[in-house]
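Beneath this line is the structure, given in structure tokens, with notes to follow.
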Amino acid sequence: MHEVTSRSLGHPARALHWLAGLFFGLALVFAIVAWTVGDVFFFRLGTEALIFAGLALSVDLLLGRTGLLPLGQALFFGMGAYVSALVLKNWSSSFWIAIAVALVFSAITGLIGGLIAIRSKGVYFALISFGLAQVVSKIIFNTRELGASDGMIGVPVAQIAPGLESGQPAGFFLVVLSILFILYAGLAYLMETPFGRQLGAVRTNEQRLSFLGVDPWRTKLAAFVGAACIAGVSGALYPMLRGFVSPELMFFQVSGNAVINVIVGGTGTLIGPVYGSALLTVLRSVVGSYTAHHQIVIGILFILVVIVLPRGLIGLAAPALQERLGRREGAVRTPILHAEHPQ
Amino acid sequence: MDWIQFVLAPQIVNGLAIGVAVVLMALGLTIIFGLLDVINMAHGEFYAIGAYVAVALLGAGLTFWWALALTPLLMALIGYVTERSLIQRVFHSKDRHTLTLLLTFGIGIVLEDILKLVFGANPLRVEAPISGATEMLGLFFPNYRLFVMGLGASIIIAVWVLVFRTSLGAMVRAAAFDRQMTASLGVPVNRVYAATFAFGVALAGVSGVLLAPIYSVFPTMGRDFVLIAFSVVIIGGMGSIKGAVIAGLLLTQIQSISSLFISPVWGDPLLFGIMVLVLMWRPQGLFGRLGHA
Amino acid sequence: MSASPILQANELTVRFGHLVAVRDVSFNAQQGAITAVIGPNGAGKSTLFNLISGAIRPNAGQVMFQGREVTGLSPHQMLGQGLARSFQITNLFFELPVRENLRLAAQFLEQGRGLFRPVSASQIACKRVDELIEQFQLGPVADEMAGFLSHGEQRRLEIAVALASRPRLLLLDEPTQGMSHSDTHRTEALIRSLVGPSLSVLLVEHDVDLVMNLSDHVVVMHQGQKLAEGPPQVVRANPAVQAAYFGESPHD
């Protein structure tokens, strides 16, 4: 029986897995080097990059795989952060409990948000996503119990395991890296299941999919909830790293940056957004040390990518790599779309 | 009765002033969509730039009236250049809708940060050029707001006339309807597109100038305002001028009056909620597209 | 032919604004038979098709399938009932290979099992794909992107995709659209071979000769209404039908 792999579906799977392995390998190398040098700053920066990589994965699940552009995904990220902070401050300092509560909360809010947003497509979905984030962030901004505009500080360190807690730069970096790995591997696996293929089909030809017996609404809703959970879990890690949360975590800046990370990295490749987050977080930090106006640089870079390189960095690198890895049908061609019949 | 006279009526009038400015902004957005089929995610930033250009001109010693007259021209220039140099590059690709959305989104981010760079992040105040109030029916209405209403209404009518009663407007509508046909009739379609974008951007800029004395001027003002503009456009019907006008006035009235009963913080969520409901039950909005409005 | 019709359309009416696209149309499609709907341009055939397949809802009337009412069900629900359709304008997943197009359609046979297991674990679906590739002679292009196929191959794939879920009634919308003569004959034979006790076919066609050769039962539409219904010879001899088709020039 012949197996259809992602390679023939336009995503050169072998190259992508190789690139993913490369990323995690490099991350481990980085960890070893930084640990021997006794560094703290770069560990913290790296952990932050990985946390935002999780958010980028959540955006890519929607944008690259389901064809929905979320301009307000920071909503779930920020809510996950707040929930985690509340748990750690008021209930338990257990890392696992905080994550679990954030996960459940994200699933519920993701379901509600999805029911509102999924009926719409294209720009309407983008605007609803954007609007939801604007509205909720404004509400939290004005809620004194949640710290209003200042947010909440003094979030205690999270206990992960005996002797391992989130205050340890190297240890927490590895924990977050592992979580990111699980998220990535889970998503990569999902894409090779019938459900994952349905997502891709929704993106290419939603109408036809419904005539094949699949309810596209349910598929999209499931993807939306899944993405909300991924964003929420990533967000839950944030207060463990920084010790505070603020409404800015839900602001458009965060959502916008996530979309930029995905597009620059390579929409739909899953590992591309991870690379994109890492690169751009570091870039923002570097440029940010010279000027407060790093968004201009990032924005211009983004515009260039959209115009010149819409497939993103990994989107460009992977097919080239695939060919070098020796498979014959590695090159990804763009088929002629018969939009109307020839006569 | 007193309540109507002293509480409700002023609220309505104030709402009308804002409403007119919102309509101008929504008009720009809906015209750009109706013709170019482009979702201008940077529209809020152009609105903000309009306000800042006015601030700069005022700072250079010009009067408010000069600023009001010059800003649209400068905005049109900025819009024209943006369209020709950036937007047209992705215009012909297969993924046009997503790419233009993302592109304008990126442009918006850059523009916002440029504003922060040039003018700083702190809010600026602009003096209203007309002070005092007029008494009508036993109430006092701020003269500046009356002016905004009057000027705004004139501009809206002028836009309507331009689009539906002039041959220029007919040309633009034709290009919206059928690009190739119009091009083969000798119309310079690319320039028409750029000019239309410029026009829409100029409208946003005028809105920014007019509202500057009412709200303060700060770099993220566009971000907050654009959601209202988009809500109006969607509820009115993307591409419909009539829709933008009616929905704009109606929604700002709803917001204005509701602020008497609920905290103003809920004003935007209310509009947004209405937009979501409209999208769920009547996604095409109240009215149709530009070509047939 | 069995006695009970597999599909019954009762007084279907659809309006688009002021235009009545389909008016009070009733007809039967027999089990195990090929029923064809024909008519000049603008007769409402495609609209009727969209009504029956769930793409649009009627303003009035019902559609009964195997004795059950299916009026107004959404497309995916229709497929669940056993009604599958192909499209006049080829509507495949052009960026996906032929195999994947078929697999997506055949996945229905798994009834939701294995949704989160690897694709290769869906044995039933994979077997069905191999069957279809052979039946429709798509072997040489099985791993090509659907967008790269020739027009004739794409039209065959259209039908194969519709057939993948083993429907009881197959709705074919102008299956030989744009095909060459040899392809048309091949498709005609193919459709003939498909029909049996477990599969009935309802097709919309332009090619009157094909229809007369192929079908057991013909429904003629004209300007949104049913003009005639019956075996091909009877319908062909009907003077009103002749007038509609050959008497006046069809216009939109």
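Each chain carries a letter (A, B and C) given by its place in the written order, and its residues are counted from 1.
The criterion applied here is as follows: a contact is a pair of C-beta atoms (placed from the backbone, for glycine too) under 8 Å apart; a residue touches a chain by one contact, two chains touch by 3 or more.
Remember, it's a predicted structure, so these values are computed and weren't measured experimentally.
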| item | value |
| --- | --- |
| Chain separated most widely from chain C, comparing mean CA positions | B |
| Chain occupying the middle, per Cα centroid | A |
| Chains linked by the largest number of contacting C-beta pairs | A-C |
| Whole-Å gap between the CA centroids of chain A and chain C | 42 |
| Distance from chain B to chain A - Cα centre to Cα centre, in angstrom | 33 |
| Intercentroid distance (Cα basis), chain C paired with chain B, Å | 49 |
| Junction residues of chain A, two or more chains touched | 337 |
| Chain C - residues contacting chain A, complex | 53, 74-76, 78-80, 84-85, 87-97, 99-100, 103-105, 107-108, 110, 114-120, 122-123, 125-127, 130, 142-143, 145-148, 151, 154, 161, 164-165, 177-178 |
| Footprint of chain B on chain A - complex, ascending | 69, 71, 116, 119-120, 122-124, 126-128, 130-132, 134-135, 138-139, 142, 252, 256, 259-260, 263, 292-293, 295-296, 298-300, 302-303, 306-307, 310, 337 |
| Of all residues in chain B, those that touch chain A in their complex | 39, 86, 89-90, 93-95, 97-99, 101-103, 105-107, 109-110, 112-114, 116-117, 223-224, 227, 230-231, 234, 265, 268-269, 272, 275-276, 279-280, 283 |
| Parts of chain A lying in touch with chain C, wherever the complex brings them together | 1-4, 8-10, 189-190, 192-195, 197-198, 200-201, 204-205, 207-216, 329, 333-338, 340-343 |
